[in-house]
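Letters A, B, C, D and E mark the chains as written, and numbering starts fresh at 1 in each.
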Amino acid sequence: MPRSLVPPAFFVERVTTRCIKCGVCVRQCGFSVHAQAEPYGEVVSTEENCVGCQRCVVFCPTRALRIMENVHSVRQHPNWTAGVIHDIQKQAETGGIILGSMGCDKDYPIYFDRLALNASQVTNPAIDPLREPMEVRTYLGSKAPRVEVKRSGVTFRLQKPMPIGIKLETPIMFAAMSFGSISKNVCEALAKAATELGTLFNTGEGGYHADLRKYAANSIVQVASGRFGVDKEYLEVARVIEIKMGQGAKPGIGGHLPGEKMTWEVARTRMIPKGTDAISPAPHHDIYSIEDLKQLIDTLKEVTDYKKPISVKVAAVHNVAAIASGIARAGADIITIDGMKGGTGAAPKVVRNEIGIPIEVAIAAVDQRLREEGIRDEVSLVASGGIRCSADVLKAICLGADAVYIGTAALVALGCHLCGKCYTGKCSWGIATQDEYLSRRVNPELGVKRLVNLVNAWTLEIKEVIGAMGINAIESLRGNRLHLRGIGLNEVELKVLGVKPAGESM
Amino acid sequence: MLEGWVRIPSGCAIAGIINQNGQAFSGEMIARAMTVMHDRSNGLGGGFAGYGIYPEMKEAYAFHVLAQDKTGISQVDELFKENFTVILKEPLPTRRTAGVAGTPFLMRYFLQPQKENADADQLVAATTLQINKHIGGTFVLSGAKNMGVFKGVGYPEDIAAFFRLDEYKGYLWTGHGRFPTNTPGWWGGAHPFSLLDVTLVHNGEISSYGANRRYLESQGYHMTLQTDSEAIAYACDFLHRRHQLPWEIIAKVFAPPHWWEIDRMPAEERELAVALRRTYGSLLMNGPFSIIVGFAGGMMALNDRLKLRSLVAAQNEEWVFVASEEAAIRAVCPEPESVWYPKGGEAVIQLVKENVECHAA
Amino acid sequence: MQTQLIDACGLHYQSLNAYIRKAAGNGFQHYTLRNVNGQRFIGAGLSRSIRITIHGTPGNNLAAMLDGAHIEVFGNAQDGVGNTMNDGRVIIHGNASDTVGYGMRGGEIYIRGRVGCRVGIHMKAGLEKSPVIVVGGSAGDFLGEYMAGGCIVLLGENLTPAESVGKYIGTGMHGGTIYIRGEVPRDRLSQEVKVEYVRFEEDVKLQECLEPFAKAFAETFRFTEAFSKITPVGHRPFGSLYAH
Amino acid sequence: MKYLVIGCSSAGIHAMEAIRQKDATGEITCLTKEQDLPYGRPLISYWLEGKIREEKMSLRPQEFFDRLGIRLCTGVEAVRLDLANRSVLTATGQSFTYDRLFLGCGGKPIVPPIEGLKAVPHFFFHTLADVKKIKLLVTPEDKVLIIGGGLIGLKAAESLTSLNARVTVVDLAPHLLSSIMGAGAAYMVQEAICAQGVEVKLNNSVAAVRMIGPRELAVTLKDGVQLMVNHLVVAVGVAPNLDLVQGTALSHRRGLLVDQHMQTNISGVYAGGDMVEFREMLSGQQKVVGIVLNAAMQGRVAGYNMAGFPLAFDGSMVCNSLNLFATNIVTMGESTAAGENKEILVSRPAPGVYRELVFRDGRLCGATLINDAERAGILRHLIYKQVEVDEVKEGLLAKTPQLLEIPFARWDEYYRDLTA
Amino acid sequence: MKRVYCNEKYCVNCHLCEIYCLAAHSPAPDLIKAFSPSDGIRPVARIQVEESRPRSMAVSCRHCLHPLCADSCISGALTKDPNTGIVLSDPEKCVACWSCLSVCSIGAIRKGFVAGRPVSVKCDLCQGREIPACVEACPNQALTYEDRGEN
């Protein structure tokens, strides 16, 4: 192919008076942007390779580097933006589907940012979370329709055992990210952090590396259409089994782990050839209808002797409320709704950016629908896809979620700068890679600390905020949309979200 | 805006008196207790519930109904005719009282379900909810056997005088003085709230209202008044009548032990506590409250689990008193045998003795 | 070894399977199930040394996630036989319907009669395991779709290759081998596979697959025509589909 | 406990340090015939070249002896050993008794059998006194013949050259430094030496010498060539100094014999350093390995054992590093020549850099590195531990040694404490 | 005693340890100045990152119990401090014979210059700092400064 017509996306600025030619940038770049002929020689850059991951910038000891978006002065045009032009040129050069990683980067409204939280003033007091107990413990799993008690003397006993409930010490879990899409070190950091936090991590669909089984008590294992790693032990060691029907970043299409990341270890875990593309197609080939989902749920329950709650994860699509209702009635204990801003290791950009609906409206619609049908208590709802901060967690819970998954946020805690090149396997931050030179960049011990810090910080913020609302137990927040007010939302949006506009009273 | 369309937070005074022997006493006593706490109210609401007040009609469902206009009353009449035999219909006796104005139409019905209804209570409850929801400006103050709710806009002592409480006798009375912080109240918005024989007087405000409300709505309750007190009343009905849970357990749903306490419980107790929080977490009443729940045969007083509202209890011979302030108790019982201060989440449940014939239902 | 006789007539699958699980825990190793009709998940997740003989028509997902047990069916099986099966052996004296051995990771499935569509899809190999499916009769479309390992043998007894196998053989295949008796028309094969022709006598793997099959049904096989041996063209069927 | 240490060089110092580590109270006395604080013997050439001042030459400062509570007797020469009475007699007639005795008498220059040598003035290159004498007598443009092209001879050649003397080196062997390196490396060294104007005569030796004038000597070489020189430096090697041992019951061969605890055949009498012979690790033969490292390690082992703390010396191994005419030379292990089953690989990674590695049975057994000392200790460790390096030979030859070159499977075994 | 340990598994080959070590041992601790000193001789880092991709590992002095470098030192420049356990090189005494380089089994001693003279340089655990500069600079906590019991 002759010279590419796509200009470099980033501009590398090196302040030569600050550059000590130490070569840190050269050695840290996973994309071979910087080069040096000899130690302490002149450093040169190939900007075409730069993905803007900022690894070199962060590591440069003298702050001599700056990576800036390369602002191409194509003529301003509302339709034909630089991005559109470059995509066309790229496709004209390759004839391929444009891949993207991480979440949707289109400028859709973020409903979380248009919802304001409430606080107490005078008539009911705020609670000081520093002194008073603030409870965020959350249980996942279906609930008994009612509690029956038996009196014996002055005390009472439970008459029927409850369905299995999974205790979370904080309503924040780590979302499904497979070994293969992310490195083993990252898997380990997530697993260990979940264990320390008393919450759960999700293996994703890549199977369970043998070294991580020690964290199984805090794991959700996924059964996806590719069925990687699914054996009896896999199901038995897990706390929860999740059937992956869809993913918010790429509704309607399946998983695709490019061969670049299929090292022997990943291949061994998935039981497929090394170097191959691991494909888990959109459909489970044994599920082409809702009763087939029930059949798979039942199969998993049979195999594990009804000891594991079954979660079903679906992408938030237009009809998600009805779909969720079907899933609840198919016997799932947990429904995970993954919004369109959820991350992924690789997805066609057109799918990532154009399909699905945001998690805020999806969770609101699902919660409302299940309540209307009187089956909200038969399932727990987990919201995921675009949860960025504690406020998002709070708002998701107000809208009706029991708990949330964080994926991208967890990776950001480990260093991810959202460059969106996970599918290349060259992640400079050592996260979305299997290259041993790169993957060692995530020291699990350090990673655990960062993840634990993040979730603890969010949890503190959650306590702080619900305290401000005068609430000391998170269950009082769940579905409590009176604590939300819409700002700048139209009537239809307010109706879908089930919230009142700011300024309207209780 | 009309109360019932918007949520109005409020502060309050509450009191409850029960005679364990089921001996009836005058409503004047509860009015006297409430009078002491005059300054906790602002004249925008007062009310009382009396149990055992209609001994001669104790097998019939007594309905106290208010209506803004006569069409409301006739619509109620129509509705009752569908399912009940009206034994008696009369205006609720009142007396002209300074400080009580804007009096709505107030009617009293004694009803008998027409056919041998398997669940007469359910019918009565449904009828109550239907009137409140569908007949504009009309509201059921109470609808149950051998009890009644008297409430309106005004100070409690004025409301007591207005409804001639001194002419009633019951074995259990609860009272309420209201301090809403928003627009002037509506008669229906005053406390106690009731559904069937369960009445509620409430001080404080529930921050979990939105969660409680949505849960109750998904269980078939319609919130007419948009107040947290209404939600608590319905939650009581839901847990006590529909889920058959004893009041001790209901107290644990409204004000459960903290998780750290649950974690330290013996296994059996813990299982129950966990089950209650998991199942009825949405009915946890979060935020400051003290409530007195009255029901046929007893009452329960309860504080939120952080004890953010005041509540005092006292006992003297066969009498048990609960109130926002000790002075209220001393006003009617100067030297009680014991006075105590219930802890957060620690319910005071007092039933009339079992062999005493006073139960309405 | 004591054999438990179970009359499955009218039993719901949950009670039937719970009973077997419980009895297995108490040491019973061999079960004969009579009057089976539609009970799902029989044998699901059961581990080694358990033998189940089934008379009748077992329901969907027979032997799903089987973990070493042996199951023999005298009759036809429905959809999802050996779904995500890990180890063990399934012998079916009749036919089976769609998605036999979906995501199969190990063990063997021998079916004397016909099978439906999407058989052996997502089969895998590794971790010292390599699953085998042998079918005596014909198979439907999408045989060995997304196959990543293991071996499928289709004998198509008394049928021409055009009759014995459906369309889209080995779509997305990136590992493993499919043997089909006779020369399969090229238009039945997906882009992602290549085919060569081997004689039964010359192919040790094929013989190894067939030996237990013949033994299971107490038959001997002689083949005059060559087998189509179908393998993936490369490890990355969709490697060049994307623009980076 | 009374400890007596004879000699205060590396062996003696480390023996005393070890004794004090294990015995806080014992009385330690050290006799040294040197007048000053002990100095590093190899430093004498640096002194002669003016690269180091005398006061900087001490191996340990006075503070060291004070801190350890050592009674240091300088200028005291032990002359007689009375094993029966556990005492040592000095040249001045003083007697020192002991419970434990350490002998660190070092070595002394070998005097070759050259006709007329005893009759003519000649220098050795062994002590500070030797070089002080040289400095006094040698003037620029003097012709100096150095007998011996080994380490000492060449160090002498270097320093005399720096004094602007005209130096000739004569050695019996076919190449220089034949005791520590093979011919290939030696030629490189020779080139560097000759470039500085030193004349080198190999396969040759001094047959006779006689005085022909006040600062003039006539030297007859083995090949018949006659040389006229002003000075003669005898540097054919060092032998164990057994003066004190002769005539006692201490058994010795070429050197004093000791067990693995550095104890002689007489209980309570220990020895270490250049005067003892011990098993050489690679060859397994008894050898005198006169290097500083060896002396220090042996001294320490002896000291521990003297203080009752058992420690064994596992064997000696040659390892040298020296600079000659701006050329650094490192040799270690069996670096001298080809032998049975040996594989010799040579590389010249950069101009002026020479690396010669000797392998036996897939293990490194010797190395000669010229101007290539960077991380050479890793190679020494590989030799010392006899690590199997067959699969990484090429890497060892091509690059600066790295720990990461060592096969990962053996990592733990050899460098356990290095990584977390 | 406390030593610097490198967990090879998590060394990311950035060499920041070297860079900050160098600066810490420069007359001008500012990085940019340290790398372009007035005398033109860039100081030598006392920690060195080995690289054998994908692996890398920072190596610095172990401060051995019986340091071979000190044992082999002909001038007494290298000594192990009896109180701190730190093995130090006295640049005033070093004669640059490189004996220490030839015996250090991990190759932790380097050729350097002090006051224009070639001398051996090595890790001194950054005396005067609470945490050695290399450990502080390590972005992945591959380097740790800890006491594992031995002296």
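Here is the rule we go by: a contact is a pair of C-beta atoms (placed from the backbone, for glycine too) under 8 Å apart; a residue touches a chain by one contact, two chains touch by 3 or more.
This is a predicted model, so every value here is computed, not measured.
Spelling it out: a chain qualifies if it touches chain C and also touches chain E; which chains qualify?
Neighbours common to chain C and chain E are A.
Taking CA centroids for every chain, report which one is farthest away from chain A.
Result for the farthest chain: D.
Please indicate which chain is farthest from chain B, where distance is taken between mean Cα coordinates of the chains.
When every chain centre is compared against chain B, the largest gap points to D.
Compute per-chain Cα centres, compare each with the mean of all protein Cα atoms, and return the closest chain.
The most central chain, going by mean C-alpha position, is A.
With chain centres taken as the means of their Cα atoms, state the distance from chain B to chain D in Å.
Once rounded, the distance between the two centres reads 104 Å.
Using Cα averages as centroids, what's the distance between chain B and chain C in whole Å?
67
With chain centres defined as C-alpha means, what is the inter-centre distance between chain D and chain E in Å?
So the centroids are 28 Å from each other.
So the centre of each chain is just the mean of its C-alpha atoms; given that, what is the distance between chain C and chain D in Å?
78
Listing for chain E: what residues touch at least two other chains?
In chain E, the residues touching two or more other chains are 7, 9, 55, 142.
Counting only chain pairs that touch, give me the topology of the graph as line, ring, star, complete or other.
Basically it's none of the tidy shapes, so other.
Each pair of chains that touch: what are they?
Contact pairs between chains: A-B, A-C, A-E, D-E.
Within their complex, state which residues of chain A touch chain B.
Where chain A meets chain B, its residues are 120, 122-125, 127, 132-133, 135, 137, 139, 143-144, 146-149, 151, 155-158, 161-162, 165, 371-372, 374, 376-377, 398, 469-473, 475-483, 505-506.
Sort out for me which residues of chain E touch chain D in the complex.
5-9, 50-52, 55-57, 59, 62, 66, 68-76, 82, 92-93, 95-107, 109-111, 142, 144, 148, 150
Inside the complex, what are the residues of chain A that reach chain E?
Interface residues on chain A, with respect to chain E: 17-18, 20-24, 27-28, 40, 59, 61-62, 430, 435-437, 440-443, 445-446.
Would you pull the chain D residues touching chain E in the complex into a rising list?
So the residues of chain D touching chain E come out as 10, 14, 40-43, 46, 51-52, 56-60, 67, 291-293, 296-297, 300, 319-323, 328, 330, 332, 369, 373-378, 380-381, 384, 401-405, 415, 417-420.
Using the touch definition from the top, list the residues of chain A that touch chain C in their complex.
Listed in rising order, the residues are 90-91, 93-99, 223, 225-228, 230-232, 235, 256, 258-259, 267-268, 270-277, 279, 281, 285-286, 295, 298-299, 302-305, 348, 423-424.
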